[in-house]
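Letters A, B, C and D mark the chains in the order given here, with residues in each chain numbered from 1 onward.
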Amino acid sequence: MAQITPLREAVASLVHDGDTVALEGFTHLIPHAAGHEIIRQGRRGLTLVRMTPDLIYDQLIGMGCADKLIFSWGGNPGVGSLHRFRDAVEGEWPHKLAIEEHSHAGMANAYVAGASNLPFALLRGYTGSDLPKVNPNIRFIECPFTGEKLAAIPSVRPDVTVIHAQKADRRGNVLLWGILGVQKEAVLAAKRSIVTVEEVVDDLEAPTNACVLPTWALSAVCPVPGGAYPSYAQGYSERDNRFYKAWDPVARSRETFRDWMQRHVLDTDDFDGFRRVLAESMKEAV
Amino acid sequence: MTTTPDTATETPDFTATEIMTVAASRLLKDGTVCFVGIGLPSTAANLARLTHAPDVVLIYESGPIGAKPTVLPLSIGDGDLALTADTVVSTPEIFRYWLQGGRIDVGFLGAAQVDRFANINTTVIGPYDAPKVRLPGAGGAPEIAAQAKEVFIVLKQSRKAFVDKLSFVTSAGFLDGGDAREKAGITGGGPTAVITDLGILTPDPVTRELTLTSIHPGVTVEQVKEATGWDLKVSPNLTTTAIPDAAALAALRDLQARTAAAHGQSAGGGEG
Amino acid sequence: MAQITPLREAVASLVHDGDTVALEGFTHLIPHAAGHEIIRQGRRGLTLVRMTPDLIYDQLIGMGCADKLIFSWGGNPGVGSLHRFRDAVEGEWPHKLAIEEHSHAGMANAYVAGASNLPFALLRGYTGSDLPKVNPNIRFIECPFTGEKLAAIPSVRPDVTVIHAQKADRRGNVLLWGILGVQKEAVLAAKRSIVTVEEVVDDLEAPTNACVLPTWALSAVCPVPGGAYPSYAQGYSERDNRFYKAWDPVARSRETFRDWMQRHVLDTDDFDGFRRVLAESMKEAV
Amino acid sequence: MTTTPDTATETPDFTATEIMTVAASRLLKDGTVCFVGIGLPSTAANLARLTHAPDVVLIYESGPIGAKPTVLPLSIGDGDLALTADTVVSTPEIFRYWLQGGRIDVGFLGAAQVDRFANINTTVIGPYDAPKVRLPGAGGAPEIAAQAKEVFIVLKQSRKAFVDKLSFVTSAGFLDGGDAREKAGITGGGPTAVITDLGILTPDPVTRELTLTSIHPGVTVEQVKEATGWDLKVSPNLTTTAIPDAAALAALRDLQARTAAAHGQSAGGGEG
């Protein structure tokens, strides 16, 4: 049974230094609030996993939370580079970041294999790509029936997966809809899980075959309305494209980044505080 | 940048990006099932859907199947894609049942760099372990490039983008050319066109080397060669790209105006 | 694009002698009407595939349509044995039936692998069971990362899959809901597919993440209201448990079976005809 | 068959099937995640849900997770299971993410035959290639038996069902006993109870041989041995099964009456 609990307590008890952590989301439902809380609580030595690391991963990496990143596409969607990610890889700042790099197909299958309690994922993939040359975790095996060569990569099995969803009921059953990405697989692949939600309701009113994560498969459910901001939650909010664009100049220099993080994240108590300070600084910028 | 139409008839002016987009969109046949990359491919694919190919099926890696967005998505997972789709499945399902399942006619990709055999780099410039430029990475491209029945690549042409030797092959085109792709066990047909702001390059049927087969009106062969990092082959049957018809241009500009109004800018390119 | 076409024509053009055919359904949405049409058209030499062969497979086997059955559980759900299936295996009547036998987990994974264009399915399965001793298509491979032993079985790749669903729109997009079984995977694993539907509508009104099979992934869509009878279609009909019970004595003897099939299937033109004659014979029985 | 309660207090009469069902249901703790086989297991699991274990989570292989049927399902895929579930997923997902994923506390199985090490046969009696009786086959049992954290087996006890040597091991119990199960690489804990109409058998902690540890009131040890195809071991601490309490019996009879009214008969057992 999931505990319905404040985000701060969920992160304090479920995310530990050195953990492998996946904060998943595919443009939609990205758990920014939870990422901020991990930064506020000063976690170190994390192995971060995500198919599409974006701004919240740029922030986690730039703040020195991560020692390693397992990923398949790292950018600021619709804008350009992740400057903190690039600085970690190109400039080893704030320290060296080890990377394990896959394709989306590889990562998606690795989450499926993790959710399925298999040690590895099997796919047709990586053929002709240089990725297997730089990633020893991409191997090839033979089909025992046809002799065909197929790619094999280790399952993703995070210590903790964090996602954002639209609704939970009072028992902690969670409903999400729209672009689902790999969130269900990421939760089921993990030992522990935190789901931030837009609201807690009496009845999920889920269609019969909807994507519902039962409470007993989750560790914690945390009400954080707007917790995906600047990402969106279908039916609740729109993506704030201005923030994605505004992030680019902030993240370009180490100083502006540090100052921004100090003011907006470290010096705020929670995501509501972040939203308030952000509204102020956006007003200043105009 | 505006090119001048090479005819004296009354045609509307258009930019190099516009003729690239329209030319790319024209290649997409009605009813085609297209796996769409964000940015230029998404613009071209949606333009096709709004003009000559109303029944093109657009699939995005985030999960929408049969998306019919009213504005261009800024990212691969915009809500409009989900709301207008025939259905939205999980990302693993997209890659497993739909792409690897062999159901994609056309993979429509962008690229940071290509080489003469239409191999794609979106990973690093310089050594992998100490890169000069760290690019976003593979995303869906390696398997789209390998498994779609054919692949269109759209990117602006320059010596920085069209390089003699890639630092990193992220996604396979024809590898070292000839039958290297087939020998590597890749089943999809590979790139059939690289559409740029200067012309259209297609692989030689035997050597598989990219050859300039169509040049946009107002562009010279010298200009194209100048923008290519290898000694570009030019087809003896070089044709001039048809100028964008007024309807297509109007549709493109409408789409971009709607998009700008919705997003507060013209659409960039990105996953995420 | 799927053709919206009468069932008779779909079976005539898409199901051939010697084909591997899966008529899938998991209690819910079993394509009985399509099975009858295959019997009426006298197909021979089929390899039948299904996780849970039930009455319609009993009929196909008893009528001599099948040379082989790939399956994981064969019975009359809630009632008992499939007597025609048993007679084929125990008594080689009407002729020998080869069987390839799996577990549900194996079959479900084999359909997934087929839909994924993989040559084999990978699972933790069959450990300690005698099934690998009698089925050479159950093999074991080693994980290239951990050395663990895992089961491997060939993908299911039918020539034709047949399912029943609730709705299609006029373009041939199909929506199903409720108990989904392996129907989606079975369709996507097959070269060709036939979907019988309760009704054709203007708008599917499908929830965002519903199970929709797009028209371009299907070969034929055939309107057959009630075509799952005596199985059911959620939202349209109830399972007729009386029929399942009544089938037991019919199927016990070769003679009563042959007579019943002659009267109800061979001598009727289509599923409507079958339903009419069945109503008459049920009235007689009372 | 009616057994007589072994106490002189005013207890309701009950049948052997009823005490079997109630005894089986009692083993299911509240909040347990239970993978339910059709027939006797489904009856016992739903009785638990309707009495002492309102938060038991019932998962059926056809796809329902958290099913709360108002009547007993006649088959594994009845509509009532879907309509009352927290969600309904595909059958592959049930086996991949939920069973193989290690999320099932209790696998609740029926069986045609068991042996002394709680191995199960549901495949054939006689040689596989020329069977005397062809049974339905494995269904979900081999992986349920292997992967659930523990397994309960419920079936009526007789020499035909409790046999010295199975023709076919469909689903593993403790194989040849001792640590054979662990040595075979099976991770789930295996059968912890076989509940019959005569008593409850549990595996010896070391040899893993099924031992009679509880006997139903009014049944003699001789009767149980007579209904067992091997020399059944009897626990020195043999207890008498608690008689079904009136509330459980009433709930069971209500459930069966509702079911009979809905289906036109009492529920049988089957997949499909």
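Following the convention adopted for this analysis, contacts are C-beta pairs under 8 Å (C-beta built on N, C-alpha and C of every residue); 3 or more make two chains touch, one makes a residue touch a chain.
Computed from a prediction, not measured in an experiment: that's the story for all the values here.
Engineer: How big is the gap, in whole Å, between where the Cα atoms of subunit A centre and where those of subunit B centre?
Structural biologist: Distance between chain centres: 28 Å.
Engineer: What whole-Å value do you get for the distance between subunit B and subunit C if each is reduced to the mean of its CA atoms?
Structural biologist: 42
Engineer: For subunit A, what residues touch not just one other chain but two or more?
Structural biologist: 112, 117-118, 123-124, 148, 178, 180, 185, 208-211, 234
Engineer: Got the subunit B residues that touch at least 2 other chains?
Structural biologist: Subunit B, residues with two or more chain partners: 82-83, 88-89, 96, 100.
Engineer: Looking at which chains touch, is this a line, ring, star, complete or other?
Structural biologist: It is other, because the touches fit no line, ring, star or complete pattern.
Engineer: Considering every pair of chains, which are in touch?
Structural biologist: A-B, A-C, A-D, B-C, C-D
Engineer: Please output the residues of subunit A touching subunit B within their complex, sorted ascending.
Structural biologist: 26-28, 51-52, 54, 71-82, 85-86, 89-90, 101-105, 108-109, 111-112, 123-131, 134, 148-149, 178-182, 184-185, 232, 234, 238-239, 241-242, 244-245
Engineer: Going by the contact rule at the top, pick out the subunit D residues touching subunit C in the complex.
Structural biologist: 38, 61-64, 74-79, 81-83, 88-92, 94-96, 99-100, 119, 123, 128-129, 131-134, 136-143, 145-147, 168-172, 175, 181, 184-187, 263-265, 267-272
Engineer: Looking at the complex, which residues from subunit D come into contact with subunit A?
Structural biologist: 31, 33, 57, 65-66, 82-83, 85-89, 96-97, 100-103
Engineer: Mind listing the subunit C positions that touch subunit A in their complex?
Structural biologist: That would be residues 117-120, 122-124, 137, 139, 141, 143-146, 148, 150, 152, 154, 177-178, 180, 207-211, 234 of subunit C.
Engineer: Which part of subunit A faces subunit D closely enough to touch in the complex?
Structural biologist: My answer: residues 1, 112, 115-118, 173, 185, 188, 206, 208-212, 214, 216-217.
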